[in-house]
Structure formats: structure tokens, C-alpha cells
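Here come two complexes built around subunit A, the first alongside subunit B, the second alongside subunit C.
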Partner chain A sequence: MAEVVATNETIVVVGGGISGMTAALEAAECGKDVVLIEKNPSLGGRVAQLYKYFPKLCRPTCGQEINQRRLKVNPRIKVLTMAEVEAVSGQAGDYSITVNQSPRFVNEKCTACGACSSAVTSEIANPFDYNLSKTKAAYLPFDMAYPQQYVIDPSIVGTEEGEKAKAACSVGAIDLEMEAETINLKAGAIIWATGWKPYDAGNIQPYGYDRFLNVVTSVEFERMMDPKGPTAGKLVRPSDGAEAKSIAFIQCAGSRDRNHLTHCSRICCMATLKQTTYLTEQFGEQSEAEATIYYIDIRAIDRFEEFYNRVQEDEKVSFVKSKVAYIAEDKASGNPILHGVDTEGYNRYAAEHDLVVLAIGMEPSVDINALTSEISTDASGFIQLDEENGAFFGAGCSTNPLDVNRAVQSATAAALRAIQVVNQISRAEAA
Partner chain B sequence: MGSTNTAKVDRYKNNFLKEVEENVEEGDWVRMCMQCGVCAGSCPLGPHWDHPPQEIFMMIRAGKRDEVLASDSMWMCTSCYNCIVRCPRELPITHIMHGLANYAHRLGVAHQENPTRRFAQMFWNNVTKTGRANELKISLGLYFMDGFMNGIKKSLAMKKIGIGMFMTGRLDPFGLVQGRGCKGSGDIDKMLKKAFEIEDHRKGYNS
Partner chain C sequence: MADEKKIAAYICRGCELGARLDTDQLANIAQREGKARVVQQHDFLCSEEGVQLIRNDIDNEGVTHAVVAACSRRAKTAAFSLEDVAVIRTNLREGVIWAQPDSEENREITQEMADDYVRMGCAEARFVTRPAANSEAGSSKIILVVGGGISGMTAAQEISKAGYSVILVEKQGQLGGWAGRLWKRTPGKEPFADPEDTKIAQMVQSIEEDDRISVHLNATVGRTSGAPGQFSVDISTASGSTVTENAGAIIQASGFENFDASQLPEMGFGKSPNVVDQAGLELLAKEADGKRIKRPSDGKEVESVVFVQCAGQRSDKEGELSYCSGHCCNTSIKQAMYFKDANPEIETAIIYNDLRTPGNGEDFYRNAQRKRVTFTKGEVSSVETGGSDLEVRFKDLILDEVTSLSADLVVLATGQVPNSGVDVEAELEAETAENDGNQAGSKQEESLSVSVAVESILNLDYRQGADLPHLQHGFSDSHFICFPYESRRTGIYACGPVRRPMDIAQATEDATGAALKAIQAAENAALGRAAHPRSGDLSFPSFRKEGCTQCKRCTVECPFGAINEDDAGYPLFNEGRCRRCGTCMGSCPVRVISFENYSIDTVGQQLKSVDVPDEFEEKPRILVLACENDAYPALDMAARNGNHYSAYVRVIPVRCLGSVNDIWVKDALNCGYDGIVLMGCKKGDDYQCHFVKGSEMAHYRMSKIDDTLQQLQLEAERVSTLEVEITDIRRAPQLLNDFVDQINEIGLSPFRF
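So, the complex of A and B:
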């Protein structure tokens, strides 16, 4: 492991998703020293797992490419992957951070040739596909992983499989003796870009995510469209692999609900509207595929109203103003049957579909208060902008449920705040 | 009772929501409903009544006083609590429904034929008379509620249970002529009278 030099003029960014990358790059391109800490083996975060962005329906790959290019050429950013913050102490302008880094068992010599992966046979659940698929125990997290370095899963270290992987490597990049490390860092300011995670759909008992195979979450649905995803880009039912031509989307799955997340997750309406366009993409204009959106009210925030209008004009998409009460399953066909009463006429329905997609809510991915008590959060655990926070700044979805565009804005704002703190320090030290 | 109804109409004019908020138990929750429909879809008796809870709440807000108070919906509630458990805003829907039923009843405008309401009234009359439920009278009253022939049929159908209750001392065969009361049933009368007095005073009912 290369030395990490950090002083109280360094900005530490925790989390290497789109927000963390943006905050780190903005600060570094302003001439500040930055350490970027990511717990996964690759940067990219949840954005890398998306098939397409709304509203332009472009792939996230081009944005990632630009950011990775900026990272590669910037000597001021030090990236630590597979690293997690264990403790943090001190005050604004003088923080001490303890970071635990797990062993990757692959060093910088890796050329990402893939020989180790071909050499091993054991497989592990693939977190990049929300565990819907398997990957080799010697793996590249995903095609656009940064750094482009393979990872050896600890489960094969010390086994014959591990030795096979090592033998297959022609550049000597595999080091099975690698151990966990503790790294102590200094920082003037810390940007928490710790992001979000999908709410645990199994908690929504009436929707049967834990019981019915053909009930999936919106993040899983997103992975299904990826040609390299768990279904090789096919919209098929998990139960029998049949094409899912009648798809129900349930909004506010876990959000705006005092039994689950009290807040509105804000992006789910747009995510669903976007996902309805996948049907035409997948099955063609002339197909009989249809999407039904069950909603309380559609919150296509500000300028996305146009996108909403466009989807409303699509004959394949229908809207039912009703929060589904519960889902049952037709045992023979495996079809989910949605039960509820709509609000426009109070009609009782029992609607059968091929597949149900839960537009799952967003919650903070880490409990920041467990790490430090000196940061103020709202009732849902999102980081607040508060002078009491010292030089702790939230960025992206650690502060709010945000779409990519707003997450990037939030990250740039956080970078600017952190820059102001370290500028004050350097001025004070120069005086 | 009719005069109470008129007094309430005069007092609240067209603001039925306010009337519900001030008079119905847990009525101040009604405005919190966001019309998602989970309660209606979760109700096991949903298909069998006039209006699902979410519609009742909207009707209250729309000022449909007569339709709400005369609805059979709140009388059909079996207190399964499915709606309360699932309501995203934690409205105490079961309690509101019972509150509405009680209010409509006290105003004398409640649904007339609803069997649940008729049974509730029968049970109340029975148990307040002596302070103890007279099983024989209640059962027979319930069976014969819809006519003599129906009563005979139902009584015969329930014969086995009746004999079982008699054998275990749960059913007094002389109950029809002389029911067992409790000691001091006069005091029960006094307590109930006082309770009504307090409620009438607090809620502005004319007994």
C-alpha cells in the first residue's frame, strides 16, 4: 500500500459514488489535496448500476468515463478502495480519521487481463447485480470499474482456487498474503458522500417481495435491462423466465409511509416513468406489452413535468390512482394479483400482471450518527446543513433523496464549503 | 334525538368536517387522509358495504352529511385493524368508524336496517337491564330478528351448541321468564344515567 500523506489542509471525501467523485474532483481541480475513500472495490456507486438516466435516457457510462479521465490525470487525489471509516475525532480544520482497508489480494500491477478469473471455478453472489447473478471469486466488479484491478474474494484465499488464480497471473499481481490495514489520516474538512440504499422491500409485508418471485424492486429491474446484467438485458420473470409483457409499477413502496420511510424519496416517480419506456425499447412499438402505474400522486418534480406528459401520451402506459393494498399470487401461473380500491370512482380491483416492480424508497446507506455524534441529521437520518456540524459537509444522497443531477449540484456545493475551510487554515498558517 | 340532530346542523351549517372533528371520537384525524386507498383495499368486508373508509373520509370533507351518517359502512366494521396497521399515515381508522357509528346513532339518523346495528342495540338493551347478559334471550332475539320461520331454522341449526352451553351451565333454561341479574342492578342504572348525563353535557346532546 502506497503512503497516504494527509494534513489538516487535506479534504477527505467519504464515498466514491457520483457525488463523492464529483466533490473530490471539484476540490482537487481547485488545487486542494483530496483523499477519496470508497468501501467497495470500485468507484461508481449506485449510478454505475443504472441502465439509463432520466430525462435524456442516456447511459451513465459516458459521465463515468469523463469523471474517471479527470481522476486519472489529477495527481492531487488519492483513492482508497475497499476502505471504510472506522472512527473520526477532532474539530473543523483538525480532524483525525481512522480508516480500515480490507485486502484486495491484487496489487497495482494488475492489467485486468482476466486470466485469474478464467482460472477459478468458484462463484460468489454478485452485489453489482443486487445478488441476482453470480460472479467468479476472482472478478472485476464491473466493466467500467475504477481502478481497473481485479479482486480476489477472501473465500478462496488459502484454498487451491486461490493458488490457481495466483498461478494464472503472469504479471505477479496477486498477493494472497495481503492483510487488512489501518490507515490514520488528517483532514481539515470531511465531505460525507455516503449515499443511499434501497429500502428493504421485504419489510413491506403486504407486497410479498420476500414470498413472490415475480415481485422485484426498481433497482433490480434496472439491472435486468443491462445486456451484461442478470437476465442479459431481457425483461423476463424470475419465476419462469417468460417475457414480462404486463408490468405493474407500485409507487411509494416504502416511502411516505409512517410504517416505513416517512419521507418522499422524490426520484421514484421519475424512475418509474423512465422504466415504462423500457417496454417499447425491449418489445418494440407494435407489441402488446403494457405498463400500469399504481400511484398516490405523481411527483415529477419541476421541469420533468414534460417527461410525465410524454409518458401519459404513450398508449402502452396506464395510470391507476391507488396505493395497492396487498398482493396475492396465482399459484398456477405465478402471476401477482394486485388488490386495492382506486380513488377515482372507488372501484375495487384485483389486477393480474406478469411482473410487479416496487418503486422502492431511498434511505441513507450508513447511520452517520453511529460514527460521530457531532453531525445533525433529520428524522430520516439524512445529513442536515448546520453550522454545528463544523467542517462536516454532506454531499449528494447522504443529505436528501436526490436524482443524479441534483446530487452533482449538492456535491459541488459541499466541495466549495470544504475549500473555504482549508483556505482559512492555509491563510492562518501563512500569517 | 331528532332535536340534537337539528341543533348540530344549525351549529355547523355546511362544515361537516368541523362537526366530525369536534364530535366524533378520533374525528380530528379525518383531514390527515391522503386518499391512497390502502384501507379500502385491506378491508375484508370491503365489497359488502356502501362506502370504503377512504370514500367516507372524502365525503366528510365534501360535506355529504346525510349520506355519511346514514351509511352502513361504519356498522360493518369488525375491528380487524388491518386498515390501521397498513395506513401510511397511521390514522386510527377503526376507531374513527366506531366514532362515526356512535355519533350517527346518538343523533338518531343511523342506518336503520343494518343487522350489526340492530344486534348491537339488542345486546345493549339486554345487558343493561340486569347487568348480566342473558344468553338465551340474546340468541333467540338474534335468530328471530328476520322473522319467525328464519328463527326456527336458525335455532335448530344451533341446537347442538345450545345444549352444550346448557350442560356446562353457560345457558339458563329459565332465562326467558326469569334471567339471573347481578346484585344491585339499580346501581348500574344510576351509573349509566350519570354516564349519559356527562356525555350529553360534553357533546351537547339532548337526551
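So, the complex of A and C:
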């Protein structure tokens, strides 16, 4: 049983991605008590699944290492993983939160030695790879997973496999009797760092994501570059495993579209520009690999313009100003064929590529209004900053489609807003 | 607490350590060679019971230093965070048994590796002191905010709301900045449809009524000295008076200037009063006060207006801005609505290349289309001012033809130029060049002339210059994606358009975040604790004046400007500014700088404690000094994934490669190590070093180590500085193995003989 002491001077942060971790750390490093709630078995969120960041092309886990180190040495932060908020009641300065925690079947004795994983053979779809790969049913979600504790998938609990895992553990860390728990928390302020999810690409019917194997999303493409990802770091086509040397990137896949997401998801242009650099990384400077970007506007805002200029100088990358009308598939080769009109000159095209990457839009990952009616959202469901919200504060991509840098700024701001509430309480109590 | 140092070693047998290693032998080594006075073995040291065992020895045996020979310091950190004692983690799991294949032939060298790591842990323990916080920490929690525009005002209000006091300094006679000169702002809330009131007047009023905010108008910062928790700031007013205030932290919200549109003669600015920039249009809109906007030349009501996007920006022309200012598309949309809302018949056209309205700006854009604002993808070449109307010539990129539009008024969407003060790095470069006796090159002359012309914002009394260092284009931004607020001057945070181009909504968010960082810096300074990234670290550099040769390397090389010089040229440490990276320690040729828990000895004695086999054994010894931020975790995770590396390697984590002192390399060579590897983060323009310059400094210093190698008659290849990333779980072990192969080719060090 997780023992968590929380009072009305505690700040509860919901969501343990980069925004939630940042909000929790920044508040705790100001001397506040924080409970950080994450629904997955580990912290890190979507950035942990990215191969590289734009514009520096550096590794997301690098900053995560620093954040985890800050977390490990800060006793003010309590982390609850595999936990989801079920209900919230109360008001600013005095909230009651009901949290449901699913069983991990592994307790804190776990040393992450990996013996349980070696002992089992069952596999499950790997959510870290957007289910494109399999992982053992006793698993560490990824190398940088925090808490550094394995997870036993419920599918092997009550089976021989579960018993094998248990028998392999020499420290008694596996508890197959573990049950779901309800945890009641108090909080003075709540930061919703619930993040984003990729828009359901299957809804964009003309692009055939649900019909054509060689149409993937940008988030899946990120996983393909990871040496430990579903394709072991190779840019190969899902249909036949052939190298994808002609890649089409379709911008605004779901975004800026009244049929789907009305907003612009902000990051997708930069994400695509970044992903074009993967071709050179994968196939070398001299290769014939080529990227074609189908776009409406290239939104490389502020200093990102330089990155855009750099990509424009790359002869392997071409830009077509066009909203792709539809994709067909060449049955024999499995090649996607893009149909549309190039608006610069109004030429119709039917362009064949090896692989299509949909620069998929961002939408809020959680329907916050289903949880509480007392929070103001915009038409897309993003949390607005509103005095009517009491001490509910959005942070990061729950408030807007944001890049990492801006999400961290937003989370830092949210931490201060929460601190303002709990400081008011402590001042009132001191008086 | 007892003054006497008592070292205990705890050897874990869990996670197969007991099966793979002779732990009795490790215990013996700890006792005999390591001088540990208490030695215990345990089957599961991180368990409650195991930790209690250590706890008991602390309470009952007076143990002051616990060497925990178990897993990596990155694992079970909380379990082994013991109060009151120094804990030294010796990495036998990720560092030894996971890094080596489990085979009979490897057993001996694996054991030797573990033996050495136990020796090293005990050696470190002998020289480590548990740090006590800096006792000279300042305790001011007042926050100074420089700049009274929307960013500075927001920061001041948010700080006040958290219960802290603020000093707000504004050089103009009133608060408000550029935002105060707007007629309306772009919408910040659902439905994101129409221009909104700026509410600046209410904001100014509430600041004036706020008891916790003291406002200095017509005022600038004349001088800033001290450190977080104890800044002393001279605030000078236009009338000539100066007051000195204390502050715990500083926010620089000095904003931007509009790009000077007169530098765009082809666009007609200055030739015709009817060509204005976006700021000029706001003035006209304010005058019109919701009625029809009139053109400046003759007061005629404007019937047609053309907006030229990216005027003088996103440009590769000399003197123009290469970046995008981000807000201008939305601003032009807003301004187009000023006309359409007054009269829908007014022809309004926006000529753009890429229309950039991220997020909900898209709703605003759509509403402008609904209001029949015309959007044309084109490139404007000139604005002709000869006739009674203006003629905007452009290439229509959709129709692929050169065409023109006539208009009563043209608005140029020019960009934001940061008001970021002196380019301190250019100044330092020039100084260094001068000291080196070089003729200042044209580049340095140029940057120097630029910096002299600019007034400082903060006038920092810092050895390394008067303002925050700039990044590209003069912005005072952070280089880090994950840590946007980390400036290179501790306790001083930039926010708003001085950091990067931004609109009101972003500036508001940014200022609120900066407000938190400032409060946090003041709170931590009062406790003597380090700021990011070594948050909470209580150690700080101590300096032995005897022996110092006043060479100034530490004062110049500190990435954070923490060290000043006294009149005699000795370093003056400002602990509050220090980030504890150890770059000063690495720089010091006479080794008079150290930390209580990280010093020349804590590392030097470790490497000396390694048992270097004699020449007949043909077992090389390679010292690896690995950056704890990326290289060390990469090796940890490599081992977790079964990516083995040579058992001849001995790894010592360092805070940053910048902290590596030459003496460690020299000592290692003298001890008979066959090769030395420095493994750290990427340097250069896209540096990944968490301490900015550490990796760069290490490369530079190691480039000078060749002389030493020559004196010792050793091959240059014996010392190598490598860049790795945290994800290099295959590459990092491979690099080490390749290095060992290379050493085997060269042959073992003659210093073993």
C-alpha cells in the first residue's frame, strides 16, 4: 500500500510526462510537497518515445536523466504510477481526489535485475512502441524507466508464466496477489499535466492509414529510428521490410481541418523537418533517399526558421505546397500513390513513394470535462487559464499543442500558480 | 557529530553479485587495503533490512562514511540516501558483472575489476567530507524585475501573488511597454475570434495599488553585484538619484525594439507617411478609437490596406533579421480586423509566404477569412510611393506571376529585436585575443564595436561581463530544450521577447515561469543549495589562497560567471552563483580549488588505488573519466542491455568533463595506466553539455596534454576525448573496446616497468 500523506498544502500533479515532471520538480524545489500521479508504469510520457528533439537533434532521455536525478534526491515528491484520477471534489485550497491505482504485481523491493523477464516467454503488445512490437509479459517499460521497477502484465497473473516470474525473483518483489487500490488524497491545488495524444489517423479516410501498411504516423516513425524500437532502428516499410528511400511527409494530417482538429498542432512542421534529417542519418549523405513534404504553410516559428533554412538547403528534401487529396495503393509494389494539386502552378500530381508519414495532429489526451465540470476548456478540449477554474491549472500540452520548450515553460508557470494557492493557505494558517 | 572519520564498507551479494564475485575477497580488500573499519556483506542490501544494517552501524558504531558496493548510483538512490553520513556508491552490478560476460574465462578479470572498484570506493571515502551548506548565504527574498512591459508586469504580479516582494524597474515614465501602445491584442481565449482589450490600464493600476510591489519609473539598473540571495542593486533615476536595494534574484524582462523599418527603403518606409510598421498602425488605430482609420498623409479614411508579412525578416539579406518573429501573422490579422470591423467594405490584403498562426490562432485566421480579409501567398519586391496611392509590387506565388496592388496604406510586419544589452562573450573574446597578443581580428573588432554602442541592462559587476550572455541574434535565451529558464548567470532569469520573439500570450506564460524560477533561486540561495542541474547540492568550491598564481583561468573559464577577481588578481568566489560543476577545479594548474565531496584527491586517490598489474600479465588498464550526466548512464544502460565492454576499463564518474584536471591524467600515466579516455557530452554550437562549456574545455585542455605525453615519451593516442550521447548504449561500449584494441596495438605503458 502506497502511503501518501497529503494535506491542503499539497500540490497534486496529474501526469508524469515532461510537463508533469517539470511542474512537480519546480514546485518541490521551492519547498512544496507534491504528489505526482502517472497512469503508465513509468514517468517520461511521450517525449521518452521520441528519437530526437528539434532543433538540436539531441536526445530526450538526456534531460530526463537530469529530471530523474532531481526526483530521486527530492523527498518532497511522492510518485504514484499506474494511477488515474477517478474523481475530484472540493474547491481551491481544499480538494479531495480519488485515485485508482492498478496493480503492478511488483513491489518496491524490485531491483530491476531482470530475472523475471528472463523466466517468462509470453509476450504482449508493447505500448511504448505504439504496439508495433512485442515485449515480454514481465517487463521494464524502457531503459530509462522510473521507477526502475519491472511490471507483470495482468495477462500472466494466475498462469504458470506468472508463477515462473515469481519463482525467478530472489528478493520477493513479485506479488501476484496485488490488487487495485483506491487512494484518497487532499490537495490545495491540482496541476493537470495530462498531455496529448496523436489524433486517430484512421479517421482521415482519404489517407488510408487503416488500409495501407505503408502509411504510418509521425509518432510511429520516431519509434522506427530507435535501435530498440519495432524495426531495430531501420527505416523499413511495414509491408515488406524494404528500405524506405522515398518518403512522403503529409503535413496537417488531422490539423487545420474542420472535419478533424480545427487548431494547428504547432509542432508538426518542425517534427517533419527534423524527420527528414533521419534519412541522411540512416542512408548517408550520398544516398538516393529523398523526402517530399506536402504542406500548406511551413510553420517554423521564431528561431526555428534557421532549422527550416538548413533543411531547405538539403537537395534530398523537396517541398510541395499542397493538401494531399487522397492516397491510393499500388497493389503490386505496395507503394502509396499520392494524388492532389500543387497549388504553386496548379499542377495535378500522382506521386508514388515508398512510405508515407502522416504528420499527425495533437489533441488533449484526457477529456477533462468528463472528470470535472469546473474547468474551462476551448473548443478542442484544451484547458484554458481562467479564474473560474479555482485551483485547477493546466500545464503543457493539456493547455495547447506545444513543443517541449514551451511545454516546460507552461509547466513552470503552472507550478507557480499552484504555489500561490498553497502559500495563501499556509499564510492563513500561520495567522 | 564525531570529528573522527570512520569508514564502513557494505558489500551486496544480491542480483547475482554473490554468485559472480568472490565477495569475501572484496570484504578483505575493503578492510586491508581500503582501511574500512566495519565491513559487512548482505544478500539484499537495498532491502529495508539491509539499509537498517547500515543505519545501525551509523547509530551504534559511529560510522561516518558508508561505501555501498552494490548497484549503480543511478539505482536505488532513495534507499541509500542516508542522512548524516557520506555515502559512496561503488558500482559492481552495472559497472562490473553486467558489463562482463558470465563465463569461466572472464571470471578472473571480472573479479579484478570488482576488486579495484572496492579499492576506489574506499579511497574516495577517505577523502570525502559530507558537505555542509554555505554559511555565508544571503537571505533576501525580494525579487528585482527589470522592465515594466507586459512580461515584467506579469512577473511582478505573479511573484506578489505568491507572497513575495518585488522591485520593478522601468526606464520609461510609465509602465506598459509595447503592449501599452496597442489598440487591441490578439485573442487569448475561446472563441479566438476577435481582437480583445489589452487590459493594460487595469494591470498598471493594480500594480500601483499592490503593497508588495515597489515601482521605480524613469529608472535603470546602474550596478548589480553580489549573488543569489544577496544581490545589491543600484537603481538610478533620470533625475540623477540612486538608491541601493537588496534582492534575492533577478528577472530581466527588457523586451524588444521594433526592427527599424527605415532600413527597408524599397518598401517605401520614410518615403511616404502612408507606409507604416505594425506599431505605427496601432497608433493610427488608437487615434481612430474604433472609428475609421485615416491615412497619415492627408487624413483620408483608408479604403484599401495591404499588409506585407516578413518585412525585413526571414531574410538572408545583410542587416535584416534571419528569424521569424512569430507574432506578426496574428498581429496583421488582428490589424486587418480593425479595418473590417469598422467597415467591411475596406479592402484588406495580407501578402504572406507562410502564414503562421499556431494553435488556436487558426480560429482567428479562419474568422479573418470569414470577414473577407484577402490572403495572398506572395513575395513583395517593392512599394512604390510616387503616385497618390501606394503600389505594392509582388510575385504571386500561386499564380506564378508578377503583379501589384494599390492601396491607401501599407503596413510592414517587421520583427522584434531583443533589448538584451551587452554581448559579453564578444567582449571576452576580444579581451582574450588581446591578452594572447594577437592582433584583434576583424570579427572581434566588429563585435566589440557593436557591444560598446549598446547600453547594459543589468550592469553586473561580474568578471565575465555586464549582462546575460547572448545566444544567436542577441537573444538572452537558454540553449536547453528541456530547461528553458537555465541562464548562464545563476539567479538571473530572462523572460519575454528578450529571450525569443513572442506575443503577449506567450510572454505572460513565460513571465510566470520566470517568476517561479526567481522565487526558487532566492529560496535555495538562503539554504545554501545549488540551483539546477545539481539542485539541492550543498557543496561549494573552497579555495586555498596560498599557492594561487593569479593565472585567472578559473575566473575566465567558469561557465556561470561565478568568480570575480580581487585587486591583486586572486579569485573571489561567489558561492551563490556557483552551479557546482567543478570547471574551476579542472582549470586550476596549481590545484587549489576543491569541493568537500569532490576534489583533486577524491578522484586522484581513486585512480591511484587501482592495482595496475605488472608488465608480464599483459592486462592493460584504462582509466575512463565519464561525465555523470550522459556518458555514465549510457554505460549503465549498455550493461543492462548486455552490451559488454572491456574488463580492463576502470570508470570514474565526474560531474562534468570541465572538472577534469590535467593532474588526473598525468597521475594516471605515471601510475602505469596504458590509456585514458575522457567521455563526455557533445560540444560546439549545439552543445549538450549541461554546464555549457565543460566538454569544450576538456577538449581544449586535452589538446594541450600532448606536451606531457611527449615528455613522458608516450604516444599521443594514449589519451582520448570522446563525445557520446546518453542513448549510445551500443556505441559507448564499442568506443571503449576500440580504444583498448588501439592500446593493445601500441603496447602497454613503459611506466609499469
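Going forward, the second predicted complex is superposed on the first by the 430 of 431 C-alpha atoms of A that agree within 3 Å, B and C clash if a C-alpha of one lies under 4 Å from a C-alpha of the other, contacts with A are read in each partner's own complex, and residues count from 1 in each chain.
Operating definition for what follows: a contact is a pair of C-beta atoms (placed from the backbone, for glycine too) under 8 Å apart; a residue touches a chain by one contact, two chains touch by 3 or more.
All values reported here derive from a predicted model rather than from experimental measurement.
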Partner chain in contact with A:Y53 - subunit B first, subunit C second, else both or neither = second
Applying the touch criterion given at the start, work out whether A:N259 contacts subunit B, subunit C, both or neither, answering first, second, both or neither.
-> first
Which chain, subunit B or subunit C, is in touch with more residues of subunit A?
-> C
Answer with first, second, both or neither: which of subunit B and subunit C does A:Q149 touch in the superposed model?
-> neither
Between subunit B (first) and subunit C (second), which does A:T277 come into contact with in this model arrangement: first, second, both, or neither?
-> neither
What is the contact status of A:P206 with respect to subunit B (first) and subunit C (second): first, second, both, or neither?
-> first
With the two structures laid over each other on chain A, which partner does A:T81 touch: subunit B (first), subunit C (second), both, or neither?
-> neither
Subunit B versus subunit C as contact partner of A:K323, first or second or both or neither = first
Touching A:G340 in the superposition: subunit B (first), subunit C (second), both, neither?
-> first
For A:E29, select first, second, both or neither according to whether it touches subunit B, subunit C, the two together, or no partner.
-> second
Subunit B and subunit C contact sites that coincide on subunit A, given as residue numbers | 256, 343, 346
Along subunit A, where are the residues that touch subunit B in the complex?
-> 206, 252, 256-259, 296, 322-326, 339-343, 346, 348
Which part of subunit C faces subunit A closely enough to touch in the complex?
-> 14-16, 44, 46-47, 71, 74-78, 81, 158, 161-163, 189-192, 314, 316, 322-326, 354-363, 366, 377, 397-398, 400, 472-473, 475, 477, 480-485, 500-502, 506, 509-510, 512-517, 519-520, 523-524, 532-533, 535-536, 629-630, 633, 637, 640-641, 681-682, 686, 688, 690, 725-727, 729-730
State the interface residues of subunit B toward subunit A in the complex, per the touch definition above.
-> 34-42, 46-47, 51-52, 54-55, 85-90
Sites on subunit A touched by subunit C in the complex = 18, 25-26, 29-31, 53, 56-67, 69-70, 72-75, 109, 111-114, 143-144, 148, 170-171, 227-228, 256, 262-264, 266, 297-306, 309, 321, 343-346, 376-380, 384, 386, 400-401, 404-406, 408-413, 415-417, 419-420, 423-424, 427
